[in-house]
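This report concerns only the one structure given below.
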Amino acid sequence: MIIGKVTGSVVSTRKQDNLVGNKFMIVEPVSIMNGENKQIVAIDNIGAGIGEMVLVATGSAARIGCNLEYAPIDAAIVGIIDDPPQGLK
Amino acid sequence: MIIGKVTGSVVSTRKQDNLVGNKFMIVEPVSIMNGENKQIVAIDNIGAGIGEMVLVATGSAARIGCNLEYAPIDAAIVGIIDDPPQGLK
Amino acid sequence: MIIGKVTGSVVSTRKQDNLVGNKFMIVEPVSIMNGENKQIVAIDNIGAGIGEMVLVATGSAARIGCNLEYAPIDAAIVGIIDDPPQGLK
Amino acid sequence: MIIGKVTGSVVSTRKQDNLVGNKFMIVEPVSIMNGENKQIVAIDNIGAGIGEMVLVATGSAARIGCNLEYAPIDAAIVGIIDDPPQGLK
Amino acid sequence: MIIGKVTGSVVSTRKQDNLVGNKFMIVEPVSIMNGENKQIVAIDNIGAGIGEMVLVATGSAARIGCNLEYAPIDAAIVGIIDDPPQGLK
């Protein structure tokens, strides 16, 4: 998993049926967890707000671990970090 | 998922049988979502046009989430972004 | 998927039994589809020749989409590009 | 798999139910095994301590190989390196 | 798949039970197949020796293709290259 900050969200009205009901958040990984310019779009079932530090799972873990096995989802916010360590910015 | 702009398409006449009927679009990720020179080919079941901003799922999510579990597909356009935020270019 | 040019092939006599019968081609992604020095080895069931532009699927799509679910294969040539667009070199 | 050093941990109180009970460790890959700024969060069922060199499995292997098939986990510490070779720093 | 040279091995006494019996080799991808500092740890069921050029499968292909579906393995040596082409160093 990686840790990132929620920086915004996007809306898609015209999308696959099996994506309906999901929120699409833009997450910027903390700098020690990825290079620059590697933001991703992750669904959010936890209720993360903009600016919060979150734990993001990617790949098949996002679908299967979030009970959305048959949806085209490859990244999901799965936790909110309580108290981000210093180095995580 | 990542957000990208559809920049073109390619045609493949000689291909695996289980790819027949799919459109292959070239998608350029927005700059904050990938480094340079990381365009990908994604199938399109949504009807995205060239120049549109789209949501792309990659990996097993593209096959399984698009009802093409047994096709050799690792990227799919799964939504069209309504109103791309400023930073997404 | 990515588009690349077939640049050569390799032979492996001592290999896992479930790889027997596959051809291993070296594919160089087009520059807009990957950084430098990111060539890969992909199996070829299409009959691609050296110098041809091909469509390559990676990850579980290569195994499952090519009817080789139980083989250790993570990349496959799944189509030959008819008429590569200008930008693809 | 990659080898990395455990550099810390994070706590997430508000998280998906199927993550409860896991420890989330921050692992910094050794320099020959990844570029800079590519630390990851991995669950730990082995009992690795901060500063230890560990073997980390990523992707579906982390879920399925750790008996957590339905949890949103994409990286796991699966072993502790006995005696790290010189080059691994 | 990628081609790499076996550069060493590591031992892990304290590890997950379902990893027992596997050898963990360090493989350095050939320069045209990856950037610098991207060595990986792969299991070896072929009997590759240090210095040999090998074919490595990654992701779910390593587990499923090597008959280790339930082990936390994401890379495996699956063949030894007979006669590495010139460019592969």
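Letters A, B, C, D and E mark the chains as written, and numbering starts fresh at 1 in each.
Keep in mind that, in the parts below, a residue touches a chain if its C-beta (ideal position, glycine included) is under 8 Å from a C-beta of that chain, and two chains touch if they have at least 3 such contacts.
What you see is a predicted model, and the numbers here were worked out from it, not measured in a lab.
Within the contact network of the assembly, the step distance from subunit B to subunit C comes to 1.
Judged by shared residue numbers over all numbers used at their interface, subunit A and subunit B contact each other through mostly different positions, with under half in common. Averaged C-alpha coordinates give centres for subunit A and subunit E that are 31 Å from one another.
Centre-to-centre, using mean CA coordinates, subunit A is 19 Å away from subunit D.
For subunit D, the set of residues touching two or more other chains reads 35, 59-60, 62. Chain contacts here close into one cycle, and each chain has exactly two touching partners. One full turn of the ring, starting with subunit A and passing subunit B second, gives A, B, C, E, D. Put simply, subunit C touches subunit E in their complex at residues 8, 10-16, 18-19, 24, 26, 28, 35, 37-42, 59-60, 62-63, 69-75.
Across the complex, subunit C is touched by residues 1-3, 31-35, 45-47, 55, 57-62, 64-66, 76, 78-85, 87-88 of subunit E.
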